[in-house]
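Pasting the structures in now, so scroll down.
Presented sequentially are two complexes of chain A, the first with chain B as partner and the second with chain C.
So, the complex of A and B:
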C-alpha cells in the first residue's frame, strides 16, 4: 500500500509521466505541440522516444490482442449465428440479440445483476468509507494494523471457497441461525439460501463481505494522501466530524471512489463464482445472473451463438454503467 | 479503450475528431472482420456410417487413450486387468471433473488428438456432427443383441437426433438403477419391514415417520437431485412408453400427460405435508447423501452408485435398498437406470481395439467383477451370464438384485434430466423448487416443463 503512495510522490519521471508532461495534457496533445515548435534534432529524439515507447508496449499489446481483442471479435462474429460450437452454423442476423431481450429468463438475470450492485458496490463503498474514517482516527499501533489486516483478509480468499463456507453458515443449522437462536431471535431462523426472498440478499452480502476490505484499504490509502493541513484548517474553522468528512475526506477520495465503484460494479454485473457455489441461480430464478446464464447457454445447452450475444450485451451493459463514472471522475479534475 | 480516451488537454473543439476517429476505425475493422469472416464451425456433417471393422485385437503395441471423469476409478482397474491379459495394449487415462468433462466433451471429440474412449453422459449434437463412431458393426459382430435392449436404448440415436432408435453410439461401464434407501433403525422403530408394495403404502410409511417426528424423506432440490422422487412417481402413474418417447425427443411427444400431472401433484402433496426437509431448496446432492448417512431421514431416493459408500458410512445392515413401488399392488417395477455411458470418438486412432475392450468389459468374468466391485452397478451384458459375486446382505447385493428384477420386468427408463441438454438446470431445477414451496401449481409446472422443452428443441 505504501508503494502506491510513494509512486505518486516520486519525482523521478517514469515512461508514463514523460508522455504525460502534466496532469491534464495527454499524449496526443503533447505530441502535437512538440511537432509545432520543434527543431530537427528534437523531432528525431521525440520520434525515437515514440518508437522505443511502442517497443515497450508491444509485448503487452500482443497479449492484449491475442487474448482480449481477438476473442472479442470472434464473440461478435459468433453472436450472429446459431451454432453449437462444433458443427455447421447458420447465419441468423440479430435473432440472438432479439432473444436476449425477449426471453424473460435472460432478462431476469440482468435485473438480478443490477440488484447485486447494491450489495457489491453501495454497501462495500459506504462501509469502506465509514471504516476508513474510523481507522484514520485510531492512534497508529497494533490495533489499527490488526483491524486493517482482518478487514482485508476476505480479499485473499478465493471466491469459490468463500461461497462454500458461506453456504454452510447460511444453512438451516448454520452459524447465522445459531447466532440468531442464542440472542433470542430464533423465530427469524431460516434457510437463507433456500428462500425466494432471502437468497439474493444472502448471496449479495457475501459479495459485500469480500469487497468491503478492498474498499477500506484503498480508501485508507487515499485518506493518507490528503493533506493533513486541510483537516487542521477545517477543525480550526470549528468543523465537526461530519463537516470534516463531507468537505475534506469525500472530495479528496473522489478518484479512489471512482476506481472502487468501477471495480465493484463490474464485479456485480459479471458475478459468477459466488452464485455458482451457493445457489446455482435458484431457488427458481431468484439468483440467476448473466454469468450463470451465459455459462449454461454455452457449455450445457451448446448455444454458442446466443451465449456470445448475451456476452456482448453484458459487455455493453458494463460499459454503459462504468463509462459515466469514469467521465464524472475525470471531468471534475 | 486507451486509444478512445486520448484527447488534448485543452481545446474542447478537438474532442470529437480525436476521440471518434480511433473508435470509428475499430468499429469499421470489427464489422469488416465480422462480415468477411466465413461462418464459424465445420461444414455440414452427417452421422458416421457403419464401416467395415475388425473384431480382432491388433497384435502390435498400442496405447488406448481414455478420457474419464474424476472420482470414477473403474477405468483404471479395468485397464490394469486388460493389460495383464493382453500385454501389448496399454492405457492412458485422463480425468476431469464431471461438469468440466460434459462441458468440453464436444470440443475434445472434435480435436485432432481425440481420445479412443470418452465418458459421454449426453450425446446432444455429437451424432449429427459426425463425432462418434457408429457401433452397429460391433453390435452385430460381437452379438450384443443378446444384451438387455432396454439398457442400450438410450445409447441409440437416429440421424434426426431422436434417441432410442437408429444406430448404437455408446456402451456402459456399469448400468445404474435407482430406488429408495431405507434407514433400518427408524424402520424398526416404526415397525416397517419389507418393501412398500404400492405408492399408497409408501405414503403411509412417510406419515408414520412424520407422526414419530422423524424426517420422512431426506431430499434436496438446490441442484435438482430430488427429481429422482418426482420421476419415481411419474414412472408409475402412466404408460412408461409415453415418458420414454418424450425423453428420447420423438416428434410430437409431450410431458403434458396425466401421469406427469398426477406425479407432480403427489410430489407437491408430500412437500406440503412436511415430508421433506424445510430447507429442501438449499440441499444439494452431496448434502442429501451425507445427511441420510448421518441418520437424518427415514427414506432417500437415490441410485445404486451410493450403495457401497452408504454401507461403509453407516455400517452394513443400517440401511436397505428397495425399489420405488408401483401404483397398484402387483404392478410392474419401473426404475430409472442408465448406462455409465462411454463412446468411441470418430477420430479415435484405435477404434477396433477399443471396441474389443468394451466387449471384454461386458463378457470377461474378471472385468464384470471389477465393474460391480468398483461401481456397485450391474455389469450389463448377457443376462444369462452369471452375476459377479458380492457380499450377501450388502447394499450392493440388494441393488444388483433390484436391478435384475427391473430388468426382468423390462422396466428400465432413462432419467428425465437427460431429455435435453438444458432442461435439468433450466426447467426441472427451478420449477420443482417453486412446486415444493407452494409457488407453482402442478398443472402450471407440467406446462412450463413442456414449454421449455419445445423452446429448446426449436433451438
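So, the complex of A and C:
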C-alpha cells in the first residue's frame, strides 16, 4: 500500500514537450461541438495525459497493491519471524530460510517439484511437437474440429476434477488395472498412487495429460505460420523427416516453445490442486511439493513464519526458472 | 505440397490414440459414477445396471443449485470489475503512455509470475482482519487483484496496437475522453475483451486454492472449491463423488462446446501473452 502512494506522487507534472504535435490544429474549428461545452481538447498535453493516465491506472493498482504487493511484503516480513498465527511472534532472522534448505522434508518437496518439470514440461512439449509435426498436413474438417475440441478439454475442466478422475484411473480396482488385466498384464496391477516408487510419476502424468493438448494446439498454430515453401525445399533436397524437423520445424517454433516452457514450468513448480486431490503429498513425502508444504505448514502445523519463507523461496525458484527462458527467447529475436 | 502418405496415416493413428487417452479418465469416471453408490466401484466397464439415479442423489446432496448460485455470484463479482479496471489501466498504459507508466507495467509483469501459494498466507490474515472470511467476498476481492496483472497486460497489448490517430480524430470531433472510450475504444476492443472475459470466467470458476483456504462452507465456494470438500465427504461413496464431479464439470463443458472456437482462441492467446 505504501508503495502505491509513493508511486503515485513520484512523477511530477512537467511542461514536457508534446509528443504528438500538430494533431490537425487547423481542424479546431470543426471541433466546435454544442454538446461539449469545454474547450475541445484537440491535443492532449503531457500534463493532461499524466493526470488522466494515473487516474485510470489507480483503481487497478489499488487492487493489485492490496492483494498482491501488500501480501508479498507481508510474506517477506512474516518470513523472518517464528509465529504460530495467534500468539506473539519472535524475530528469528534468516532461520526460516535456513530450515527450508536443511529440513529434509522441505527440501524433498523442492526436489519433487523439479522432477515434476519432466512430466509437466518435457513430456507435453515433446509429445506436442511430435503430434503437431505428424498432423500438420491434416485438412480442416469435422474430424479436425473434434480432435481440437477433445485435445483442449483438459484445459477447461477444473484440475480438482482431473485429480478425482485420475485417482480412479490409478485405484486398485480402477481403470488402468482393469485394462492391464484384460490384456493379460494383471500381475502389474497395483495401487499406483500408494506406491512410494510410482506415486510421483503417477501424479506427474496427470500434469502431462492436462498440458499435452495445449502444447499440441499451440505448436500446430505455430507450424501453420511457417512458410510451406521451406518444407517443399527440404523435401526436394531429399531431407528425411528428422532433418526436416530439425532444420525447418524446430527453428520456426522457437517462440511457441519458449512460451510453453515458461507456463508449464510455472505449473510444475507451483502445482497444488492435482496433488491435493490425489495424494496430499503422500505416501510419506514422495509427492510432497512446495504448494502442499506451504499449505500444511501454515494451516495445519501453525508454522506461519516458516511457511511464508517457503513461499518466498518458491517465488524465487519460479523467477529463477522463468527469467532465463524469457531472456533467451528475447535475445534471439 | 509434398505430403508423405505413411506420415499422414501414422499421424491419424497417433492422434486417435491421444484422443482416446484424453477421454479415458473421464469415461472411467462415468463408468464409476454409474455403479451402485454403497460399494467401492469395481473396474472399468459399462455397468449392467447403470445407476443414473446417482446423479440425482449427488445433485441433491451436493446442493448443486446453491453451488451454481455461489459460483455465479463469485464470477459476477470478479469478471465485470476486472474488465472495467483493466480496460482503463490498459488504455492508460497503451494509449496515453503517461510518464511513469512503464514502471507500472514492469511491476505488473513481475506480478504475472507470482504463484498464489507464495502470498496466500498474508491474504488469509488480511481477509480475516477485514472480517470477510467465509464469505464470497473473500474469494472475489483477492482474485480481482491476483488476475489484475494478466488483465492489464492483456488490455495494454490490445491498446498498443490501436493507432493513436483514432484518439486524435475523436478529439477533433469534440469527444471527451470517456466518450472516446465508450464510442470508439470499447467497440474496437470487443474481441480482446471477450477473450479476456472467457479466461477470467474459466480461471475463477475453476479456482481451488482460495476457496479452500478462505471459505469453510462449501456452499459459498466456487464449483471447484466445493468439489474438494465433497472428496472428504464421499470417501465411502465414490460413485456419488464421480457423479458430483461430472455434474460440476458440466456447465463449463457445455459452454466450452458451444463457444469452443472462442475458448481455444482465447486460451492460445492467453498462453502467448501470459
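List of remarks:
In this text, the second predicted complex is superposed on the first by the 269 of 333 C-alpha atoms of A that agree within 3 Å, B and C clash if a C-alpha of one lies under 4 Å from a C-alpha of the other, contacts with A are read in each partner's own complex, and residues count from 1 in each chain.
Criterion: a residue touches a chain if its C-beta (ideal position, glycine included) is under 8 Å from a C-beta of that chain, and two chains touch if they have at least 3 such contacts.
Since the structure is predicted, the reported quantities are computational estimates derived from the model, not experimental observations.
After overlaying the two complexes on the shared chain, residue contacts for A:84 are found with chain B alone; chain C is out of touch. With both structures placed on the common chain, the touch criterion links A:309 to neither chain B nor chain C. Of the two partner chains placed by superposition, only chain C is touched by A:156; chain B is not. Touch criterion met: A:213 reaches chain C, while chain B stays clear of it. Look at A:282: by the touch rule set out above, it reaches chain B but stays clear of chain C.
More residues of chain A are in touch with C than with the other of chain B and chain C.
Once the two complexes are laid over each other on the shared chain, residue contacts for A:257 go to neither chain B nor chain C.
In the superposed model, A:193 makes contact with chain B only, not with chain C.
Once chain A of one complex is fitted onto chain A of the other, the partner contacts of A:299 extend to both chain B and chain C. The interface of chain A with chain B overlaps its interface with chain C at residues 24, 27, 32, 74, 78, 85, 299, 304.
Against chain B, in their complex, chain A makes its touches with residues 22, 24-29, 32, 73-74, 76-78, 80-91, 105, 167, 170-172, 190-196, 279-285, 288, 296-297, 299-304. Remark: chain C residues 1-4, 7-8, 10-12, 14-15, 18-19, 21-26, 28-29, 31-32, 40-45, 85-86, 88-89, 91-93, 96-101, 103-104, 107-108, 111, 113-126, 141-142, 144-146, 148-149, 151-152, 164, 167-168, 171-177, 202, 205-206, 208-209, 212-213, 223-225, 227-228, 231, 238, 241-242, 245, 248-249, 252-253, 256-257, 260, 263-264, 267-268, 271-272, 274 touch chain A in the complex. Looking at the complex, you find that chain A touches chain C at residues 7, 10-11, 14, 16, 19-20, 23-24, 27, 30-33, 35-36, 38, 40-44, 46, 49-50, 52-54, 56-57, 59-61, 63-72, 74-75, 78, 85, 127, 130-131, 134-135, 137-138, 146-162, 164-166, 168-169, 173-175, 178-179, 209, 212-214, 216-218, 221, 228, 231-232, 235-236, 241, 256, 259-260, 263, 266, 269-270, 272-273, 276-277, 290-291, 294-295, 298-299, 304, 307-308, 311-312, 314-315, 318-319, 322. Taken together, the chain B residues at the contact with chain A in this complex read 5-10, 18, 30, 33-34, 37, 39-45, 102-104, 106-107, 109-110, 124-126, 128-129, 131, 221-223, 277-283, 420-422, 425-426, 429-431, 433-434, 437, 439, 456, 459.
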